[in-house]
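Here the structure is laid out as structure tokens; the discussion comes afterwards.
Chains here go by letter, A, B, C and D, matching the order in which they are written, and residues are numbered from 1 within each.
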Amino acid sequence: MTLLPEPTACLLLAAGLLAFSGLPGLLLRQPAAGQWIAAFVAVFASLLGESAVFQLLAGTAGAAYQLDWPLPFGPAEISVDHLSTLFLIPLFLVTGCVALYSLSYWPARDKSNAGRLTFFLGLFAAAMVLVLLARNGVLFLMAWELMALSAYFLLTAEQQDSEVQRVGTVYLLTTHTGTMALFVLFALLRGTVGSFLFPPTHTLSVALPAATVLLVAALIGFGGKAGLMPLHFWLPGAHANAPSHVSAMMSGLMLKMGVYGILRTSSFFTTLPPWLGWLLLVLGAWSAVNGIALAASQRDLKRLLACSSIENIGIIFIGIGLALVGMQTNAPILTTCGLFGAFIHIINHGLFKSLLFLGSGALIHGTGSREIDRMGGVAKRMPATSLLFLIGALAICGLPPLNGFVGELFLYVGAINDGINAPLPLAALAAPVLALVGGLAVITFVKLYGMIFLGSPRTAAAAGSHEAGGLMIGAMLVLAVGCLIGGMAPLLLVKLVAPAVSWYGGSNGDLAHQIRQQVPVMPLTALNSLLVALILALSAGYLLRLRKLPSSTGPTWGCGYLAPTPRMQYTGSSFSEMVVNLFGALVAPLRRRPALDMLFPPVGSSFCYAAAELVLDRVLTPIFSWIGWAFSYIRRLQHGQLHIYVLYIFATLFVLMIWAH
Amino acid sequence: MTAIIIHCLIALLLPPLLLGVITKTKAAFAGRDGAPYFQPYYDLLKLLRKGSVFSTTTTWVFKAGPLVSLAAILVAALLVPLGRHQAPISFQGDMILFAYLFGLARFFTTIAALDTGSSFEGMGAAREVTFACLTEPTLFIALITLARMSKSLQLSTMLTYPTPAIWLAAGASMLLLVAALFIVLLAENCRIPFDDPTTHLELTMIHEVMVLDHSGPAFGVILYGAALKLLLLGAIFINIALPVSTGNPYGDWLVFVAAMLVLSVLIGVVESVMARLRMVRIPQLLVGATILSAFAMLLVLR
Amino acid sequence: MLYALVLVPLIGALVAGLVPDNRMRPLVLPVVATFHLCLSMILIMSPLAPTAGGWFWLDPLGKIVLLCISILFTVCAYYGVGYLRYRQERSNRVLCIGLLVCLAAMGLVTVSQHLGLMWVAVEATSVSMAPLIYFNKNARSIEATWKYLLICSVGIALALLGLLFLAYSTYVAHQDATLLLSGLLGVAGELNPGWLHAAVIFLLVGYGSKMGLAPLHTWKPDAYGEAPGMVGAMLAGGLVNCAFLAILRVYQICLASGSAELLFFQQVLVGMGLISMGFAAVFMARQADFKRMLAYSSVEHVGILAIGLGLGKGALFGALFHLLNNGLTKGVLFLTSGNIHRSYGSKTTEVVKGVLTRLPWTGGLFMAGFIAITGSPPFSPFISEYTIVSSAFIEGRYLVAALFLLFLVIVFIGMALTVLPMVMGAPPDNIEPTDYRDGLLTVGPPLVALALILVLGIWPPAFVMRLLHDGAALLGVQP
Amino acid sequence: MNSLADQLLVLVMLINLVMLGSSRLIFSIRAVAVQGAILGILPGLIHPFSGHLAAITVGIILIKGIIIPYLISDAVRKAHIRREVEPFIGYVPTLFLGAIFTALAFVFAEKLPLAPEHKELLFVPASIATLLAGFLILTTRKKAISQVIGYLVLENGIFIFGLLLTEAMPFMVEAGALLDLLVGIFVMGIVINQISQEFSSIDTSRLRALKEE
């Protein structure tokens, strides 16, 4: 460690390397070589970054650099604190994995746009690092917009495809509008504190006139980027149509930048208004339930994963909401547990969601399709992928012994503690909500895993699937191992986020130690290992029995039906149909079925089922068309009659004359 | 130490008997004298010695399913106090781990079912996960209520907390809780009115249809796991419903075993006198249970 | 030196007129442009004193405008060589002469400190531009030219009347009328308020119609839409800035004459600025002709300039900076749109699709230009626009700021819905092949312009910043 | 001398009304020419003689009185048109409006804070009236030619005001202004020819291809 420069410089260096890692690919004659260089540089940068992160976690304070740029926004400060560190942990890990993954997923020799993609991928990662390091409003905005734009160019990699175009446009419009909210945020902040430099933490009084506007602007700008309901509508399409490794970074990392923004903004204030905590809690709960319900209704592998991102963001915000509520009802346990839960989940989601998206990339690579109902039986041909994907699925359902459980455990404990202590334990209702979300998550991912990997292939494409390349498997393996470690050794996760929690919660002392009184970290390790041991023991015993006993193979028992075909298998849509009906109000999928007026539907009639996008299809699009219609009337002013144009001039003159008097 | 050993012994040995009692009760209602009480033990031993048939469709997941779920339930068994005794392992928030271990078990049971590629088993899996996701909120609201009453997040404390005094004090809410938990118990264990373990019409089944293709030791494991699950949820139910304590620890063990047997009889009675609900009705009943527990919580808050 | 600024282009025009060969003639443009650029750079770098009895002086404001014009013209000149290769079917004599004369006139605008002379120069620029708009020689272009000519002439005539009022106000004040800026600033305090008021209004309307403030902008979409790309660039980046310089002069006088007049002028500016932005926003949505869309974008940015000027204080810096950024960015957009027009033989968005595939460089530049002009980092228009917005917030002009942002959003949405389908996707296969290919001369110049705004947006050179601050100081901002 | 100037100014205003009322283009062109010539004479009447003054006089008479009218009538001849057909607002109403505007001009001029020595002169009302007349022609006539004429009348109105302070406008400025006017009109003439070629008419109401929707 001592060989390295101090952390901030390390991080800046890493960001610089990432930013330019793609250049050789654009300039070199052989793009393939360029891609390899880019990958190596990216991996190196990631290692450098992680080393810096661990220095910071070890307690080394990062320096603060003030560069006085000529722009009229005051000096630009760049520094790193515990909050940034928290988000940097998954950032570099995932970036490195994705860089390796892209080598065999998006090889320059097959894909003409690989150079461009690699370049923007590096830029994207670098921009995110800068977002986390910037301490000046305008610098932050620049990094932010750079991130958003490079994400746009990444997700429109296959810009020939009209669907990609559509979702890309929706994404671009949404993010830019959100940036306008950030314009307001930082301009108001400048007006309030008199400088574009971020104010020191816990200095602004909530009594300020601008406070409410500041927070609302932050909620809109950052919440939209995080995919918080109801500003989530851009997310499923964008994540689904981007190249999978890009989706992995967008979902695993970029969404978290929105969370970071809200945390950063709220950290400026000494105390926060009471409504904020509850609002975040409600929005989080809504996003969690609605997001996972949407996910259950999807037929597109990656749309499903995208919707579950909404759910996970919701869980994170439930945690933050609990924490804020705890702060104002001064319930320290609630605060600490909420923050621990949210922050741990931030890291975890970065791991398993990226893992799952990379896995989906492997699937698309192998089967050439995103339709869940067109796959099946893939596990036989893609054993490695199926195992890693299973780990991801278990983790995202929050099932022990994987890392997903740890974060949720903290949230439950916090909520139920509130149930014990608070006079009116409304926050405790987060627990049943989380339970519901957990149940839905199990439905969703059993559907996802079972329909894709298990059973028998539903199409020739699925039957002809092939295992992913070594680099892809390797990248996924790293993340999967991360999930396992996080689950088996929760203490590690606790130690990783403890500094950020104490930084944000303003509490002092060894939180990692204190929290252990509240939340069973060590017993969890013990029981998880016991669980794993039991599983191994039982399997061993079972296999021994099998060795001894006669065993034969045959077709699946068709319940008396003699000629079952793969197409008769239960499909994903039918698997989730029951629950989708239960949550019809939140999901409202489009169904078109033939009118059944006789015993059998008429020949050639078809049944169509498609997941709907409520906000976009039923709210925004109509509004837009209405506005367009209104505008078309105003356009008549430009009617091409010269003499009326001259009249405009004199009218203006006249009006101004009147105004003057 | 002895307590732990007894706990483990009961947890490991008692479950099949419960199944035996239930079948016996039902037989009695049907006017037959039915299979002996220990028939399930014989079945298990037999299954462990039988060979297996595997579908060509299946993968390792099919084999892993029963094992992982049994392992999960076994671990869960260490967290639940049986009667008035502390559970072997107990810590703040163990109830959450308890619930999620069941989740893990469910996950593997269902993917094992999907692994066969049979549409019937897929159907069963779908129903299993859907109904489970409706029962979980009920369980958690009930647990929050208990946690608030007992001021603790440990299953052992929470479940050994209820006493006759408390029943007298907060009888209404306790009653609601018991009702809710009984429904959860029946639903989670796929009992009538939710599911009929003895039916032979695959279209109407939930749990049984998922395990159609399992055979030999694996099927034994599944049967045993189901029984154990019944024991655990039954234990939770009894701890709340029957807050009696003889001063003597061994007495408590006996009381618990007796209570479990009574509970199985009760289940047998319910199965004999009730008909299975239509699938569409089931969610309504489950949501009803959630509302019951929510009421209980409200009463406690008041 | 100052005279050279005017004479060199005129000589160039003479040469261009004499060169007989249609292929050789365009080469005059880059030669003159390069010389002009070096000249203006020297002038901008060197501190200058007023000459010829205060008639000619290159003050910081003039320097800023001159910088923008000179760079933009150089870019267009080099581009022109490449562009006119594809337009050999018709003589480019008038085009070259017109451009050079216009350059001379614009130079005169920047250096003249006598408002009358400035008026003459501005009028000269608009007259000299008229034939260029008519370059395509078809019904639509003649119509555009006619509208441009008449509306600008009427406007400029009103400006002349405004000048007379101004002179008369001095005359009424103390018997000797003057239009020398220095003189006016000297006596501005005791000018007759009534006449000054009238003068300000007439000047604003006059130069405003030249600059394209709504609702005086009616000629803009037609002229920009029909003129060749490079001419559009000069219109949007050159003439607009000249007119704006004239309005800056009026602002100086108002400033010197005291708070009441200044307040009125600022209110009017903000009002018309917002109206312009709103108009642009409405007209840009679903725009079927991408050149007309650029014209409306120019209307929008003129509005931004006006608002920046009207807000005063810190926004002035933003306005001056935006003058530069807008000019250069418009250069990128118009030149690349010229390429697209050449390549597709059409400028309707029904036909033009998949530019990124058909012309990777042009498409990329057009896309980058779009991102830049809509005020996204890391390009410099973001800096200037954000300076204006933030100072609006700082001054507590929340309504203005809110409307400003609202219009920005609408403009962005409208522009995106026009530009993205053009750039992305697959080019239609039924378009007749044209001989246009991306070449160094047609892509390099806009690329240079883009690089410039990128530099300005990330780390602008010190002298530019100093220039802008001096300019803002002239407009009453204490540095 | 001032009384003579005033009478000339009255004449100018009458010419405005004549133009507003007449439909024959050639006639209006001649009228403009006369107006221009009068403008040329006026400065000589109110300012002491000087080289500058002489030059201006010659310049104005030459350009406004002779060259520009010639250019326009030339364009008219090329385009083979005689008269303005149905204007957007009829002749009588425009004439009426013109009269009202002229009256208003007098009223308005009374209110203006003029320099004492200009108070009794007719320059300001005349200039305003001419201005408005030009505006009327510009906004009511269809033919491009008539609009040019309107523009000229507008310019004349401005010039009348300018005559009050020839000192303010040093020679080169006025010369430049005149030159610009000349070039402007020249270009307009060319354009008009082009229009008449393109559209076989110079009716600007035909020029309506460029619009939204």
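The criterion applied here is as follows: contacts are C-beta pairs under 8 Å (C-beta built on N, C-alpha and C of every residue); 3 or more make two chains touch, one makes a residue touch a chain.
These numbers were taken from a predicted model, which means no experiment stands behind them.
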| item | value |
| --- | --- |
| Both-way neighbours, i.e. chains that touch chain D and touch chain A | C |
| Distance-maximising chain from chain B - centres being C-alpha averages | D |
| Pair exhibiting more inter-chain C-beta contacts, A-B or C-D | A-B |
| Rounded Å distance between chain A and chain B, as computed from the means of their C-alpha atoms | 36 |
| Centre-of-Cα separation between chain D and chain C, whole angstrom | 31 |
| Rounded Å distance, chain A centre to chain C centre (Cα mean) | 44 |
| Chain centre separation (chain B, chain C; CA means) in Å | 79 |
| Chain C: positions in contact with at least two other chains | 146-147, 150, 154, 221-222, 283 |
| Numbers and ranges of chain D residues touching at least 2 other chains | 138, 147, 204, 207, 209-210, 212 |
| Residues of chain B touching at least two other chains | none |
| Pairwise chain contacts, counting only pairs that touch as defined | A-B, A-C, A-D, C-D |
| Residue ranges of chain B in contact with chain A within the complex | 48-59, 61, 63-64, 67-68, 70-72, 74-75, 78, 89, 91-94, 96-97, 99-101, 103-104, 106-107, 110-111, 114-123, 125-127, 129-130, 132-134, 136-137, 139-141, 143-144, 147-148, 151-153, 202, 212-213, 216-218, 221, 283, 290, 301 |
| Of chain A, residues touching chain B in the complex | 376-377, 379-380, 386, 390, 394, 397-400, 405, 408-409, 412-413, 415-417, 419-420, 424-425, 428, 431-436, 438-440, 442-443, 445-446, 449-451, 453-456, 518-520, 523-524, 526-527, 530-531, 534-535, 538-539, 542, 545-546, 549-559, 564, 566, 568-570, 574-579, 582 |
| Interface residues, chain A side, partner chain D - complex | 632, 635-636, 638-644, 646-647, 650 |
| Of chain D, residues touching chain C in the complex | 112-115, 131, 138, 144, 147, 151, 154-155, 158, 161-162, 164-165, 167-170, 172-173, 176-177, 179-180, 183-184, 187-188, 191, 194-195, 198-199, 204, 207, 209-210, 212 |
| In the complex with chain C, residue positions of chain A that touch it | 69-73, 138, 141-142, 145-146, 149, 156, 159-160, 162, 165, 168-169, 172-173, 176-177, 179-180, 183-184, 186-188, 190-191, 627-628, 631-632, 634-635, 637-638, 640, 642, 645-646, 648-649, 651-653, 656-657, 659-660 |
